[in-house]
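So that you can tell them apart, the chains are marked A, B and C in the order they are listed, and the count of residues begins at 1 in each.
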Amino acid sequence: MTRRGSLLGLALALGALVGLGVAVGVLSALAILAGFALLAGTAWLSPRAVRVSGALSAAALGFVVARVGAGPGVGLLVALVLFFVAWRTASPAVLRRVTFLLPSLVLLAFVTTLLMYHAPGNPFARERAATPQIEAALRAHFGVPQSAGEFFGIYMRRLIVDGSLGPSIKVQGRTVESLLAPALPISVTLGLLALCLATSVGLLLGIRAGLKPRSFSDYASMGISLIGLSLPSFVIGAALSIVFALKLGWLPVAGWGSYRQLVMPAITLALPYMAYVARLARGGTIEVMQQDFIRTARAKGVPETAIVLRHALKGAILPVVSYLGPAAAGIMTGSFVVETLFSVPGMGQWFVKGAINRDYSLVLGTALVYASLVTVFNLLVDLAYAWLDPRVRSER
Amino acid sequence: MTESPASTAGRGVRGQSPTLRAWRRLRKNHFAVVGAALVALVALACFTLPALLGLDPLTTHPAARHLPPSAAHLFGTDSLGRDYFARVLAGGQTSLLVGLVATVTCVVVGVLYGAIAGYYGGRVDEVMMRLVDFLYGIPYMFLVILIMLLFSESARGDPVPVFVALGLVQWLTMARVVRGQVLSLREREFVLAARLLGAGDLRVIVRHLVPNVLAVVMVYATLTVPTVIILESFLSFLGLGLKLSWGQLVSEAVAVVNPLTFYWWLLLFPSGLLALTLLSLNYLGDGLRDAVDPKSR
Amino acid sequence: MSDQAPVEPKSSRTGEPLLDVRNLTAEFEGEDGTVRAVEDVSFTLAPGEMLGIVGESGSGKSATSLAILGLLPGRGRIVRGSVKLAGVDLVGLPPDRLRAMRGGRIAMVFQDPMTSLNPYLTVGEQLREGAMLHLALGRSEADERSRALLERVRLPDAKERLRSYPHELSGGMRQRVMIAMALLANPEVLIADEPTTALDVTIQAQILDLLLELKEERGLAVMLITHDLGIVHRVCDRALVFYAGRVVESAPTSELFRRPLHPYTAALLGSLPRIDQRQRPLAIPGMPPRLDRGPFTACTFAPRCRHVHDACLRGDPPLVEAEAGAARLRRCVLPTSQLP
C-alpha cells in the first residue's frame, strides 16, 4: 500500500503543480508547493529537532509581533524570553504546533497576496489621473510592484526589518498598523466577551439538559438552541435591535464606547455558538453519565451533586473545549457582520473595506493578525485540553 | 400479555440490515419527519408556484412602494414596489439552489479527498491532513471573501463563483469526517476479504468503503446545507452575495429599518422562511445522525 | 404461586444471616418494553460466607445486585420483596439513608476496572472520596487510610500510586484499587460482580486469593457473581444458580458439583470440558427466554430441558427445599429421583 501510496502522492503533487501553475504562474506555484512541503515536513521532525525549531519559531514570532507593536528593543526581549520558556517548559506537541505556525502564516500571506493580485482590478485602477507614469510612481511609493512575488518580498522585508505592516494604499498617510491598532482591542474585547457568554451560558443550558434527557426542559432548551443555529446572526441582531433599541429604547442602537453598547453586539455574536456549545455540553453530559465510573461513584454512596460536579463535569466540558478553537475562529469572522450591523469600529470593517478597495497591505495586515490570533488561541485550547484530560497529557 | 417460554424461546430475530434499522429509527423521530416534509413543501412552493401563478419579482411599480400584505400582494411590496411574494419565492429558489449545489460540491470533493487520505494512511494521509489543518486555520469567511474577489465585480451576481466558494470551504469538515470513517473501516475484515479476492485499490475504495461511509456523509451533508445558506446570507449582508436570495432580501430589509416606520413584512417573510427551512434541515440532520448512530442520543 | 414465603435454608456458618433477600422482584425499561430482570429471588448471606452467583449473561445475577443497591438502570424499580441488611429493609428506604448504606455497609466491585474508575481523577482522589464521605475523615487521614489499604491489597508503591491516574495502572492493579476502594469504609457485605472476567488468568488467581484473605480477615459476607463455574468451585462456600432472572438452585458448592438437583445446573456442568472425559461437552440447545415478554405460565427452562414433562408446563415452579435439612433449594417440579 505504501508503494502505491507514494505514487499517488507524487501524482497528486504533480497535478497540484500543473493546476496551480496554470492559475498563478510556475514560479508562484513552485513557491506554494515548497511552502506546503515545509508545512507538511513539520510532521517528520524528531523530538530534538522539534524542540529547537519550536523554540526558534516561538522566538521569531514573538519578535515580529512585539516589534510591530513596541519597537525592536522590546521585540528582542520578548524573543529571548519566549525562546527560553519554549525550550524549557513546553511539551513536544505544543512545540510542534508552534513550528507549524510560522511557515503556515508565511504561506497564508503568500496565498493571500496571490489571490489579491489575481483578482481583477488593482488599487490604482480607479485613480482619476491614471497615466502609466503616475501609476508607476504610485506603485513605487507604496511598494506595490506589478508582480505578486515582488510585493511579497517587499512586504516581508518591511515586516521583519522595519517592523511595519506597510502604508495603507487607500487611507492616505496612514500605516496599516496605525489603523488596526485601535481596532484590534475592540474586536478582541467583543470576541472574548462573546466567547465567554457563549461558553458559560451554553455550558449551563447544555449540562442541565444533559442531566435530564428527554424531559420537557431538555426539549425546550435544545429547541431554542436550534433556532439560534438556524437564523443568520444579523437577523437576530436586527430583531434584537428593533425590539430593545427602537421599540423599548433600553439599549443604544449602535456604536461603541459605553458598556451598554457592548450588550447587543456581544449577544448577537455569541448566540449561534452558545447554541452549539449547549448541544455539545448536553451530548457530553449524557455520554459521561452513562459511563461505568459514574455507576461506581453511586455505588460508593456519593451524593448526586458531587457526582455531577466532581466526576461528570470534566467529561462534559471536554467536547466544548475542543470546540473552542473553531468557535473562536467563527466568532472572529462572525464579527465582520456584527461589526457592520452595529457600527462597531473593529478590524472587520478594515478587512472588508480593504478587500473591496484592493488595498493589499491592509488586507494582508488584517489577515495576518486574524490568523495569528486564531492559531494562538488554538494553541491555548490544546494546552487546556491536555490539562483537563490526563490521558492526553501522558501520551505526549 | 402472557406467553409460555416455549413460544418465545424458538422465535429467532428477523435479520435487519443496519440501513433498515436506521430508517425505522428515523421514521420514529417526529421532528425529523416533520422537518423533511416542511423542507419539501417550501422547495416545492419556491420552484413551482412562481410559474404556476405567473408571479413577477422584477418589475418595479414606483407608485406601490412599501405596501403591507393584502389580497393583491400576499407579502406586500418592497421599496421599489415589486411584489414581495414573488421576490421571496424567487429568493428561495436561489438560496435553496446555493445550498444544494454547494453541498454537492462539498460532498464530492470532501468524500474523495477523505477516502483517499483515509485509505492510504501513512505518509499520504499525513500530508493531506496537513493541508486540511492549514486551510482549517484560516477563518472561513475570509477565504470565501477572498475567493469571491477572484471573480470580477461585474460577475458578482453570477451564482457559480458563490457556489464554488461556499462548497470549497465546507469540504474540509466532510473530508475529515470521511477520513476518520475510512480509517476505522479499513481495518475491518470485509476490506481484507475484498483485497484477497484481488480487488484493486480503486475498486475497494469505490465499491466497499464509499457505501459504508454514505450514512455519515448523508448526515453531514444535511447539516451542511443550512450552514452554506447562512454563509451566503452573510455575504449578501456584506454586499458580496447573490442578487436575489433570502439573505439579500433580509439585508435589504435591515437596511431600511428606521425609527419611524417599521416595514415588518420585509423582514418577517424572508427571515421566517429562512428560519423555517434551516430549522427543518437541522432537525432532519439531527434525526439522521441519531438514526445512524444512536448512542449520540 | 411466586408469593409463597420461601423455606429458609439453614446458614452453613454460625451467625444470623446478615443479608436476607426475600422474593425480590425487579424490572427496568428496556428498548422494547419492561424487562423483568429479577423474579422472586430469595437467599441469605452470613458473615464470613462467600456466596457464588452463577448464570449466563442476562440471567439476572448482576441485576439482582444492582437492585439490592438501588442502582438499577433505566428507571428500574423493585416491584416486590425485601432486602434486609442486619434487619433493616433496604427496599423503600429513603434515598439518603440508602445512599449512606452504599459504600458504608454494603459495597460493590465491578467487572471492568478500566471503565469503572474515573479516568480524570487520580487513584488517591477516588479513594479519599469514600473515606471522607463515610468515615468523616479529614483529607490527610483519608489518604493515610487509603495508602494502608492499597498496601493491604498488595499494590506496589502504594504511596506513589495515590497520585497515579487509572490509565497508568495495569488491569490487575486497577482491580486491586477497586477492591481497596470498596473496603475503605469497612462494609459488612461485599458484592463482587465478575471481578476477574476482564483479567488475565494468572492475575485472576491472585485476585481471588486476595478476596478470600480479606473475607477471612474481616468476616466479610461476599457475593461473588461469575459465569465461571471453576471460580465457584474454587472459592465459594455456597452457590446460587440463576436462570431467566430466577434462582433455580441453591446449595453448598461441593454438593452442587457432586449432585446437581436442577436440570439446568446439570446441563451447565455437563457443558464443561473435562480432561478425563472422552465425549464432547454438550451445549444446551436453544436460548434463554426474553424477559420482557410477560409473566410466564410455565417453567422458564422447559423449552431446553431434557427432562421436560407436562407438569413443567402447568406453571412457573416455586423455589422449595430440595431435601429436608440439607440447606438446598431448587425450582423444579420433577422429583429428584428422576434426575441422573
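Assume contacts are C-beta pairs under 8 Å (C-beta built on N, C-alpha and C of every residue); 3 or more make two chains touch, one makes a residue touch a chain.
Computed from a predicted model, the values in this text were never measured in an experiment.
Placing every chain at the mean of its C-alpha atoms, the farthest one from subunit B is found to be C.
Chains A-B form the pair with the most C-beta pairs in contact. Rounded to whole angstrom units, the spacing between the C-alpha centres of subunit A and subunit B is 24. For the pair subunit B and subunit C, the distance between C-alpha centroids works out to 52 Å. Annotation: 55 Å between the Cα-based centres of subunit A and subunit C.
Residue ranges on subunit B touching subunit A, taken from their complex, read 116, 120-124, 126-127, 130-131, 133-134, 136-142, 145-147, 149-153, 201, 226, 230, 233-234, 237-239, 247, 250-251, 253-254, 257, 259, 262, 267, 271, 274-275, 278-279, 281-283, 286, 295-297. Chain contact summary for the complex, subunit A toward subunit C: residues 291-293, 295-303, 306, 310-311, 314-315, 388-391, 394. Touching subunit B in their complex are the following residues of subunit A: 1-2, 4-6, 8-9, 36, 39-40, 42-43, 100, 104, 107-108, 112, 115-116, 118-121, 213, 226-227, 229-235, 238-239, 241-242, 246, 283, 286-287, 326, 329-330, 332-334, 336-337, 340-341, 351-352, 355-356, 367, 370-371, 374-375, 378. For subunit C in complex with subunit A, the residues that touch the partner chain are 69, 71, 96, 99-104, 107-108, 110, 112, 115-121, 129-130, 133-134, 165, 167-168, 178, 181.
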